[in-house]
Amino acid sequence: MRNTFGTSVAVTLFGESHGEYIGAVIDGMAPGAKIDRAYVSNMLAQRRPEGKISTSRVEKDEFKIVSGVIGECATGTPITVLIPNENVKSADYSEMRTVARPSHADYTAECKYHGFQDSRGGGHFSGRITAALVAAGAICRLALENKGIYIGTHLKKCAGISDRELDDIVADIKAVNEKRLAVLDDGAAKKMEEAILLAASEGDSVGGVLETAVIGMPEGVGEPWFDTLESMIAHIMLSIPALKGIEFGRGFAISDMKGSEANDPMRIKDGRVVTITNNNGGINGGITNGMPIIFRTAIKPTPTIFKPQETVNFKTMTNELITPKGRHDPAIVHRARVVQDAACAIVLADALAQRFGTDFLK
Amino acid sequence: MRNTFGTSVAVTLFGESHGEYIGAVIDGMAPGAKIDRAYVSNMLAQRRPEGKISTSRVEKDEFKIVSGVIGECATGTPITVLIPNENVKSADYSEMRTVARPSHADYTAECKYHGFQDSRGGGHFSGRITAALVAAGAICRLALENKGIYIGTHLKKCAGISDRELDDIVADIKAVNEKRLAVLDDGAAKKMEEAILLAASEGDSVGGVLETAVIGMPEGVGEPWFDTLESMIAHIMLSIPALKGIEFGRGFAISDMKGSEANDPMRIKDGRVVTITNNNGGINGGITNGMPIIFRTAIKPTPTIFKPQETVNFKTMTNELITPKGRHDPAIVHRARVVQDAACAIVLADALAQRFGTDFLK
Amino acid sequence: MRNTFGTSVAVTLFGESHGEYIGAVIDGMAPGAKIDRAYVSNMLAQRRPEGKISTSRVEKDEFKIVSGVIGECATGTPITVLIPNENVKSADYSEMRTVARPSHADYTAECKYHGFQDSRGGGHFSGRITAALVAAGAICRLALENKGIYIGTHLKKCAGISDRELDDIVADIKAVNEKRLAVLDDGAAKKMEEAILLAASEGDSVGGVLETAVIGMPEGVGEPWFDTLESMIAHIMLSIPALKGIEFGRGFAISDMKGSEANDPMRIKDGRVVTITNNNGGINGGITNGMPIIFRTAIKPTPTIFKPQETVNFKTMTNELITPKGRHDPAIVHRARVVQDAACAIVLADALAQRFGTDFLK
Amino acid sequence: MRNTFGTSVAVTLFGESHGEYIGAVIDGMAPGAKIDRAYVSNMLAQRRPEGKISTSRVEKDEFKIVSGVIGECATGTPITVLIPNENVKSADYSEMRTVARPSHADYTAECKYHGFQDSRGGGHFSGRITAALVAAGAICRLALENKGIYIGTHLKKCAGISDRELDDIVADIKAVNEKRLAVLDDGAAKKMEEAILLAASEGDSVGGVLETAVIGMPEGVGEPWFDTLESMIAHIMLSIPALKGIEFGRGFAISDMKGSEANDPMRIKDGRVVTITNNNGGINGGITNGMPIIFRTAIKPTPTIFKPQETVNFKTMTNELITPKGRHDPAIVHRARVVQDAACAIVLADALAQRFGTDFLK
């Protein structure tokens, strides 16, 4: 299926960094689901680069919805969002065609597309495409919120500097969603910005860890094999550029715990089954247990840096030294945060529609 | 699709811990692919519990192949493997029906299946089902080996004790595949066994980290969106019971690195493009670059322990104290190692058949 | 996906004519759905050859369900049905390996499987596999009946002899489902049997047309693109061996009508929207309108005949004359009737579970 | 998957009759496949209404390709085609919202979308959407032609008037593809036009039968279960609006033949296996045998007519009399011919890419 993700709610992505449009088709949104263009704009704004900690390529992201919506409601047929690429500068990228940027997709694109790939600005591999993912995810996320399901993501770590732990998850989700830089601890936020600026000044880049929490998911969603909710979330997350790992609940740390420490004790509270701890991140046996879903992802430092690097020309098959020029992000983890929210919304919308039918998200 | 994974090579799993058979249907194996029953048996033997570090439930796993194979060759139509459940003891599990074992799927199964689930020994959620996955994976893995693609997995960590780093990957894969306990450093292996036995003696359990390496994968396999090879691998891995995280290349550690450290310099070597380091684990932009694929997974400590735990009866909605009895694994990470090999083989077989056509694995 | 059909309720088929088992995995049946082994047996009996109008190979079809069912209820996890092949005579078929039987799949199997196909008795292409389809369909059909949805199929035509038109559809479905030879007009039934026997005596075979009616389907099921209910029904039907066409409502005859004749006038009746005629067969724009679903399929005469035929040896690439021996059906249309019922039940179960969620069929 | 068809080459459709754009995303086209905008334009022109035998709504169909193509080559990533809707007249259709047009999708859309559907001009159900399908199919069809695979469709029948039989298929495909009205016999063409004009003058409509032939398909393409090539072709065809039946080879007529008449004798000719007759339409056991693929479809008379008809208001649940006004097609069979070509190209492109890998169509 490649560029389409999902079964009952399916999203198809298209476009290249320097093409006319990027966009997304969202198929299966419940008829009558609320479509709020301002909500989509707000999420796109959270992804947009701003200030010195991001690339100087700024897009207005003035999307338009060309199908599937009448007024402010989904019709139930495919919703198509188009986002024009305005700030296109092809010239900077001409050198990239045959000289691979290390740890970019330049060489693997060549292996797969045999020279026919659009290599302008990363083409279809560009982080630019995540704007379309965000637009699609915004539509799903609002539908989830209307069912009482809320998603929030903070920078758990950036450039080695950690945010505080999640505490009151409901409040923390609300707090990060209102922040431009999604860090709960303002002191940590300041240090992260400084570290990003420092890396930028050195022509270098930094990475980080994103932590997402979801509240309000009904129990009983997900499959034992193979479509565990963890599998589905991991599938969509690991297609986000620069994302190199994912862990649920305590994740890798749980592998150092004993069963007696890791198991989440269960209790009845207010007539519901809850767990005292949430080391399993709200999912047991692949299926939601009603506790918050918690996961973290590893975002690598942006591969575009302005330092000289050893590389190859894959046409001439010769060794080269490359010193990229142009625009770049000294970090993308702060921008990726809303991409993660969006991707999470898509996968949850799909899982819920599969479980409860195509009208559930209305 | 639920219990089916894959597109061009698709595996369907079925069965319960205490049913008559568990099994798998492998659809799309290339006609003429070699089927070696001894190879399958060997992989099943690697998964089988042995000695004091595993459960006392031992199954012979005397599988039979009832379709899709003539002599020693795949016909190209669905291959069905049946594995009888022999060592069935239903009585030990009767208490589990309504009193949830913490961090097991008992409660989530109730939420999803409303009391109709087979709760004997974990039913369809049981690790027992991984025997069918291993059988299916064995068939795929041999086909990969016949194309020069080799997979190996070692216990990177168990009970907090670390194995040595991968060094000569070709030799290390060969070494671990011949070992019963897949640890490269024999001293570490001994300590891990001791730690497992200690946990067992305390009625407790331990977890660990598995690291998988793949050599010989052709360049250019995987998709930019959404079916990156990382997405597909993560999808199948995170459906393995007890697996709570996955990371590729340097994984979470890469998020602390600078771009200038994380980027893999590229060189021409023996007429091929290689990278000097492999921090990206053989995948860029979702597509293989010809370097070894490297990933690690987090395996939680077995949730079944013999210590008293707070839990609930989800029928009566009352708080309970539970002290499980029966058979259990004080660790499953050493048994899961071959499950990870198998799952990896399935996803790679599928990706290759999609890329190069249905006859590729012949 | 090949041997798997469906999304929310998915059926995987496996097996060969002369292998140990044929079988089916039904994934996604609602937890708590009634499983009645006698109901399955009855449908298998309707498919079984009987008397002189069918092959002399008779199988007891003593199926067993080895997963996914406890007592008389679906657990919600994959249901696996195994049917042993008992009456296996491999010798009769040895000549078929390289000399193609005209209008069989012998030559196309060679093109696809390059000599590795199981050619004993048609292998995976054999009509024998439809027994597994019938078992899977029986489980779906009973679930549909418990929701008030009934399916029936009659021989609209056999050997050129026509049954009467459907009249009172509720009564007609009931009537044909109780008949061994599914013909509404007993006089026509007698003539059909005579025609089949005559063809058999000449070593020849005959075909026919099957007409299926479904009552009780809710309105609003199906998709405008591409998964119209007609598309989904046609997809599964045209995978039944020997089926060469399908038409809905008036089908090909509607192409000779004027719009003013073909359009179905609409009325309110008993508080529901109905149509006076049903030329569109209960589906408009790919979606059910609440009227009976009506479709007909063309079944070709069995290609196995005992007359000399011109053919080729595809190994030696020489012309040959073939005069098949062994067992054969002088017609299969009367046996295919229950296969059509079963396939119809599978596709409707899937469409309903997609539409209304995975618990709908409970 | 709904609005997406295909696995290795997948097409997603979107848009409504009176929205801003309709369009298609073609995912999986081989990198380097030739993209000829004039070829696409020509196919769109064949679909466009012309003269008195079609609607007076004429669209220029000035499509643009906004992703996936550089110069005249596919990049290998999703190709997006946008076609603006220019000739929009919403007013004529306002009455349709609650008063159902008989045998249209108005009522079933209400059942599925609960009042949120776009009912302007048929919305997403409109034949207008087939323009996007044609554009997608044009891209696939040119890729097929570059591999020596040619598709052609003629009006086998219209308003009860028959075209001549296919004779020299290679020449006939060439001939019809150059004709505006795809009828081989010019005398029959004239009569068909007259019959359409007569129906138009009466405010009525007529239907017909389309016959498609494909030459050059490799042997061995298709699956035995469930994705026979017949299943896949039927699936996509039966999602075309107004199409109510499909038959392969001799189709329904084969059900009246004896096996000795229906079986296609096989011979070696010029070193290849051929059949003397082609009653099976080039497919045995779901797999191509190298002979031309032949199928026919039943197209119903356009449901929009200008005669008074009994219908209902599904909001007020009252009986109504309707006499539609506006633009309409007195027949669509002559326009549907290129839609059928396009749909056929999509399904064959997908089947070939699954079989031979993603680079095959380059």
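Some notes on this structure:
Order as written gives the chain letters A, B, C and D; numbering starts at 1 within each chain.
Here, contacts are C-beta pairs under 8 Å (C-beta built on N, C-alpha and C of every residue); 3 or more make two chains touch, one makes a residue touch a chain.
These figures come from a predicted structure and were not determined experimentally.
Listed by label, the chains touching chain A and chain B alike are C, D. Interface comparison, C-D against A-D: more C-beta pairs in contact at C-D. Here the repeat of B-C among A-B, A-D or B-D is A-D, since over half of its contact pairs match by residue number. We define each chain's centre as the mean of its Cα atoms; on that basis chain A and chain C are separated by 45 Å. Between the CA-based centres of chain C and chain D the separation comes to 26 Å, rounded to the whole angstrom. Each chain gets a centre from the mean of its Cα atoms; for chain A and chain D, those two points are 38 Å apart.
In chain D, the residues that reach two or more other chains under the touch definition are 1-4, 7, 13, 77, 112, 124, 224. Residues of chain C that touch chain A in their complex: 7-8, 77, 224, 354-358, 360. Residue ranges of chain C in contact with chain B, taken from their complex: 1-4, 7, 10, 12-16, 19-23, 25, 27-28, 31-32, 64, 66-68, 70, 73-80, 82, 112-118, 123-124, 359, 362. Those residues of chain A lying in contact with chain B across their complex are 1-5, 7, 13, 100, 102-105, 107-109, 111-112, 124-125, 129, 157, 159-160, 199, 204-209, 219-228, 230-232, 234-239, 241, 244-268, 271, 273, 275-276, 279-281, 283-290, 298-305, 307, 309-312, 314, 317-319, 333.
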